[in-house]
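What follows is a pair of complexes built around chain A, which joins chain B in one and chain C in the other.
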Partner chain A sequence: MSDNNTQQQGNAVQTTGHAWDGDLQEFNNPLPRWWIWTFYATIIFSLGYWIIYPTWPYANTFTKGVGNTITFQNDAGEEVTTHWNTRSLLIKDMQTGEEATKQKAYLEKVNAASYEEILSDPDMMAFANSMAKVVFADNCAACHGPGGDLPEQAFGLYPNIADDAWLWGGTTAEIEQTITHGRNGYMPAFGKNLDDEKLEQLANYVLGISGHSVETDKAAAGEKIFQGQEGGCYYCHGADGTGLKSQGAANLTDAVWTVANVPGAVKEEDKVAAVKRVIKNGVSRQMPLWKSRLGEEQIKLLTLYVHELGGGK
Partner chain B sequence: MENEQDQAVGHLYEARKSIFPRSVKGRFRDLKWGILAFAYGVYFLLPWLRWERDTGRDQAVLFDLVGRKFYLFDLTVYPQDIFWLAGLLMLAAYLLFFVTGIAGRVFCGYFCFQTLWTDVFVLVERLVQGERPARIRLSKQKWDAEKIFKIGTTHLLWMLVAFFTGLSFVLYWGDAPQLIGDFFTLQAPFAAYATALFLTATTYVMAGHAREQVCTYMCPYSRFQSAMFDSDSLIVSYDAKRGEGDKGRARAGRNLKTRETRTEAGVGDCIDCGYCVQVCPTGIDIRNGLQIQCISCALCIDACDTIMDSLEWPRGLVAYTSERQVSEGKRARLLRPKVLGYFAVLMVIVTALVWSVSHQQKFDMTISQVRQPLFVTLSDGRIQNSYEIKMNNKTGANLMLAFSLDGLPGAELDMGKFQAIILAPEQRLRLTARVRSHPDLLVGGSHSFVFRATPIKRDDLQEFMQNAVFTTP
Partner chain C sequence: MKFRFAHESIEINAGLLIALTLVVISIGGLVEIVPLFYIDETIEEVEGVRPYTPLEQTGRDIYVREGCYTCHSQMIRPFRDELLRYGHYSLAAESQYDHPFQWGSKRTGPDLARVGEKYSNEWHVQHLEAPRSVVPGSIMPNYPWLSETALNTSDIEGKLRALKMVGVPYSDTDEEYQANVERFGEDAAKMLDIHTAEENLIAQAQAGNYDGDRSNLTEMDAIVAYLQLLGSLVDFSKYDEGYFAEFR
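So, the complex of A and B:
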C-alpha cells in the first residue's frame, strides 16, 4: 500500500533543519503524542512502585516500601508481620493459599478416617500416596531405596519393602507399629557353637525347605540341628520354618531372601555359602523409631504408602 | 530560546489531530450496524444463556479456570485438549489470510472490535454533542457549563459502555448470575475486579481516545496484512479518471451543474463536497489514493453514493474495486494460487479440528509402569510389577469401571479394593495396580499385555484398552 501521510499532504515534510553536504537533510517524523504519554505513565508508575515496594539498596540495607506489610506464621507458629517480600508471600501462600487450604481439608479427612476407610476410598488413597511419596523420599529412601527395594550391591543391608514378605507383619497396624517404634532385627551368630560342617548341613536344610535342590543327607543332618537344642533355630523360625513375626524372624520356606543373597548366586555352592555366612555371623539390623521425627499424620501416610508398595497383608 | 529551536526543527512529538466523523446513511453503513448489533448481542448475552448439562454447570459458555474445564454448549474441553486452541488460532490466522487475500481489510472495516467499539463511542458522542459541525464547535468553545455538561456526559456514557464491556468479559469465567451478584456486593474474586477494571480502562482509552491510532500505530495486522495483499485484492478506491476529468475536480458552481456541462468544461464528476473525507473515521481523503490508514470501512462509498444519488448521477465514483481494475481496467481475478493455497491450508485445519473435536474420548486412561523397582520377587516365587493408572471421566455421569488383564499368562491383577470403581462425573483419579505372574510362564525380559477397563451398564462407551509391559528378571 502506498504510504501517504495526511499530515504530510499540502505542507512540505518537516525536516530537522540540519543540512549536510549542502543539501542532505533529515526528515523529522514526529512520534505520536500518545506514545510519549505512555512513556511518562511508566515513569510515574515506577515512582509509585519505588514507594510501595522494596526497591533501592542503600548502605547495607534497602528501602522496605511504605505501608506495605505482610503477615504470616513462622515455624514456631507465631504471627510475624514484616515488609512485603516474595519469600514471605510464598510462606503465606503455602499456609493459607488455595492449594494449601485444599490440602489441609484432605489431610483432615485422612486423619479422621480409619485405615480401612482410606484403603477403600480411591480418592483419599490417591491423595495419601502422592503426599507420602515425598515423606518416604525424605526419610525412608536413604535406607530402603526410593522404590522400597535396594540395589543388588546393597542386598541384605535393609529389607526390601516392595515385596510381600513382611518380617514384622504387613497389616496397617503392624506397619504403623514398625515405623512408630522402630525395630531391632537380631539373630545370634552361630559361628562359635557350630563348626563348618554343621553350618554346611544347616544351610543345606534351609535351602531345601524353600525348594532348592540340595544334598539330602546333609539336609537331613541339618534338620536335626535346626529342630534340636544344638541350633535351636525352630525357636524363632518355627518348626516349619515359616518364621515368627513378633521376633522379626524371616520365613525360610518362601522364595524371598532378605539377608542371604541366594537370588544373586548362580552355582549351588554359592547359595550354600551365602546362607552359611548368615548363620555363622548372625544378623543385627536396626530400624530407628520415627515417632520422635515424624508427626502422627505423616506416619499414617507412610503406613498407607508402604502397605501399598508390596500389596500389604 | 526553546521556542526558536522548536520552530527550526519542528516538534519531536506530534499531537493527534482530532477527527469528528460525520454520520452517513447507506447500504454499507446498514450492513455494519447489522453486524455490530449481532456481535454485541452475542458478546453481551452469551454468558446469560443457560444450557442443560448432567454435571450441573448450566452456563452455555463457561470458562472454568478453577475446575480446569471449558464448557462450550455440548462440548467440554479438558486441559488435555488444549491443542485445540492451537488449531483454533491457526484457523483464525488462515481465515484472516484468506479473507485478506480476497477482500482486503474487510476484517478491519466490519468485524474488528476496535472498529465496532469505536463506532458505538462515536454514536454516543453524536447523540450527546450533535453532528460533526456541532462537535467541532464544541471542541473550540470555552469551558462553559454547556461544554462541561456535554463532554462530561459523553465520557460518563463511554465509561459505562466500557464498564459493561469489561464486566461481560468477566462473566464468561464464572457462573454469570452468581458472579454478577458477588461483583456488586464486593464478594467476587480479586481477579474479577482486576480484569473488569483493566478492560474498562482499555476500552475507554482505545475506543474513546486512541481510535484510529490503534489501527495506524499499534495493530500488528494492519502492518503485516500487506503481505497477503496484492493487486487483485478488494480495496476502496476513488475513480480518479471519472472524478478529476482533464482539469481536475470542481465544485458544482454555475455552469457546472450537469454532467454534460462539466464534460464540456473538462472537469470531472467529483464536486469536491468533501463528504467522503468528513465521514472517514481515520480522517483521510480517499481521493489521494490507497493509504495505510484506510480500514476499508466503506463509509466514504456510502457518502459519495448519497451525493451521486442526489445529483442523479451514476453511483461508483468511490467504490470497491481492485488495484488491477484501477490500473489495467481488468476485472480482479478471484482464484489466484495464493488464495487457493490459503484456502487449502484452511480446509486442512478445519477438517483436522472438526475430526479431533468430534472424536473426543469420553474416558481417558494412561498406564505407566513403576520403574523403581521394575519388578520384585514375591514370597511364592512370582514376579510383581506395579503400575500407575491415571484416569479421567469426561462424561457427565457416574462411570463404573471394572479392570482386567489380557494377554499375560497366569497373570493376577491386584488393585487393592479398587478392582471395580466408580468415577464421579468429570473426576480424575490415580490408582496403583500390581500385576503378578509366574516367571516360568514367561520367557524373555518383557511382555506386552493389555490393560482393560470395562464400563459397566454404559452402552454408550466402549471398552477401553491400553497396552502395558510386564518385566521379568
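So, the complex of A and C:
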C-alpha cells in the first residue's frame, strides 16, 4: 500500500488542486479513452434510437418512429401496418415467428387428426406429450400434482389422475368433457340423517365390497341401508357399488380410494373411521372449467396426456 | 481553468449542490412523468373493466399489506412465452383503478394478473394456509392467520372515499350513481355506492362463501374474492388482436 502511494506520488499526476488537512490531495486522472468513446457512442446511438423507435412524448401523443413499421394480419385476414410496438410485434411473432410457425404446423396436424389417429402416431404423440407436459405444469399441477402424481398431503382434496380409476370416465371424449367444462364432484353429507351406528355399518359394508375383512353382521346391516331408501347410496354408486360415471360417483368395489384415506390407515378401525368420515361429511369438490382459458388444441393435447397418464382407457 | 473553478464552487457549497442536483433530476422526472397526464390514447377502450367492489378492495388491501407483491407481479408482458403460460397480456385499462398498481418485474412466484377463476376457492384457501400441502416444492410462506383473523369492515367507507379522491369512480351523490349505472350497469353501480359499502361487503362475502365457512367473515374471504377476480373482467374473445395494437 504505502509503496504504491509513494510510487504514484513520484509520477507527475495531475491533481484537482484541492488540499485538505495540509497534504491530502485528490488525483484528477483522465478517464480511459475507450470509456469516453463508448460514452459518446451511446449518445449517438440514442439519437438514432429516438428517430427510429417510438420515444418522445409531445402534446397528448408521442413520436412513433420513422421508417419502422410492422405488418400483420388481422382476424379478417387484411394486412395491417402499424408503427413499431411490442403488441404488433407479438402478433407478428405468433403469425410468422420461427418457433410459433413450427408449433402451429404441429397444432394444425393435431387439430385435423382424430384422437385415435394421434394415439397411433408416435411422432405426433411425442409432440403432444412434450407440449402438454408444459401446459399441465402451468395449469393443472397445482391441484393434481406434478405429472399427475398427487402429493400425499393433498389426498382426498383432489383425485389422482395418474391412476387407472376414473370418476368421470377415462375415454378421450370423457376426459375432454371434464377438462372443457369442469366437474362438480358432489355427495351429500349423511351425518344428519344417519346415526353413528348406521355410519359404522355402512363403512363396514363399503370396505367389505372392496375386499377388506370386516365384521359381517355390521356389513349386512350396512348393505340394507346402502340398497334401501334410508341411505339411497345405490342411486349414485349403483346397486353393485361400481359407481356411476355420469354422477362422478366413485367405484367403491375397487381398491382405489379418492376421498376416503383408506390407504393411509394402517389399522382396520382407522380404515372404518376414514370411510365413516366421508359418508358423514359428504364430498364437494370442484374441477374448474378450462374452455375460457385454454385453446381447443391445448385441451386436446391435455386430453391425450391425461389419457396416457391413466394408462389409456 | 474557468470550468474547474465553477465546478469547485458547486462541490464545496452543499446547498447549491443539492439545489442543482434536484434541478437535473427533475428534468428527467418531468419528461417521463408529465406526459402521462396528457396521453390517454394508450388506455384501451374495453368493456368489462370496473372498480373493485368493497370486498375485493378489502382483499386487495390485505394483499398489499401481506407483501404478496414482493414475489408476485401482476403484469403479463406481450411476449409469446408469457402468452403461452399466463394468457393474454395485461392491458393498461385493466389496472386503471389500481392505486397503487401491482405491476412489477420481480417474479419469485408466478404472475397473478390472470389467476382469477383458474383455481377453486378451496384450492386458494388451502394454498394460502399451507402452500406446500398442494405444491410440494413451493417456497411461498404460509398465511394461516388469514383464516383466523376476523374481517374489519368498518373502515371501508373511508377507504372508498380516499380512492374516490384519486379518481376511482365510487359514487357519493345521486348523479354519480346514475353515471355509474350508465357506465358499468346497475348491478356493478350498486356495489360502487359508498353509502352502502359495508352492507355490500358483508353481503358479497356471505354469498360467495370464499373461505368455505359461512359462520364468520375472515380476511381469507376478502383475499380469495380479490384473487378470483384478477384478470377476469375483459372478455378477449370479443376483440380482434390488432385492436389492442391501436393503443400503442
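Observations on the model:
The rule is simple: the second predicted complex is superposed on the first by the 213 of 313 C-alpha atoms of A that agree within 3 Å, B and C clash if a C-alpha of one lies under 4 Å from a C-alpha of the other, contacts with A are read in each partner's own complex, and residues count from 1 in each chain.
Following the convention adopted for this analysis, contacts are C-beta pairs under 8 Å (C-beta built on N, C-alpha and C of every residue); 3 or more make two chains touch, one makes a residue touch a chain.
What you are looking at is a predicted structure, and each value in this text was computed from that prediction instead of being measured.
Residue contacts after overlaying the shared chain place A:Phe62 against chain C, while chain B stays out of touching range. Judged by the touch definition given at the top, the superposed model places A:Glu308 against chain B, while chain C stays out of reach. Residue contacts after overlaying the shared chain place A:Glu297 against neither chain B nor chain C.
Once the two complexes are laid over each other on the shared chain, residue contacts for A:Gly17 go to chain B and to chain C alike.
By the touch criterion stated above, A:Asp75 is placed in contact with chain C alone, chain B being left untouched. Judged by the touch definition given at the top, the superposed model places A:Glu268 against neither chain B nor chain C. In the superposed model, A:Glu215 lies in contact with neither chain B nor chain C. Of the two partner chains, chain C is the only one that A:Leu157 touches; chain B does not reach it.
On chain A, the surface touched by chain B in one complex and the surface touched by chain C in the other have residues 16-17, 145-146 in common.
Put simply, chain A touches chain C in their complex at residues 16-18, 54, 57-62, 72, 74-76, 80, 82-83, 85-91, 93-94, 97, 99-100, 134, 138-139, 141-143, 145-146, 151, 153-154, 157-158, 285-288, 292-293.
On chain A, the positions that touch chain B within their shared complex are 1-4, 6-7, 9, 14-17, 28, 30-36, 119-120, 122-123, 125-126, 129-130, 145-149, 160, 162-165, 211, 251, 254-256, 263, 308-312. Every residue of chain B that touches chain A in the complex is listed here, in rising order: 8-17, 209-210, 213, 217, 226, 229, 283-285, 288-293, 370-373, 376-381, 384, 386, 414, 416-418, 421, 427, 429-432, 434. The part of chain C that touches chain A in the complex is made up of residues 4, 8, 31, 35, 38-41, 77-80, 83-85, 87, 89, 114, 117-120, 122-123, 126-127, 130, 132-136, 240-242, 244-246, 248.
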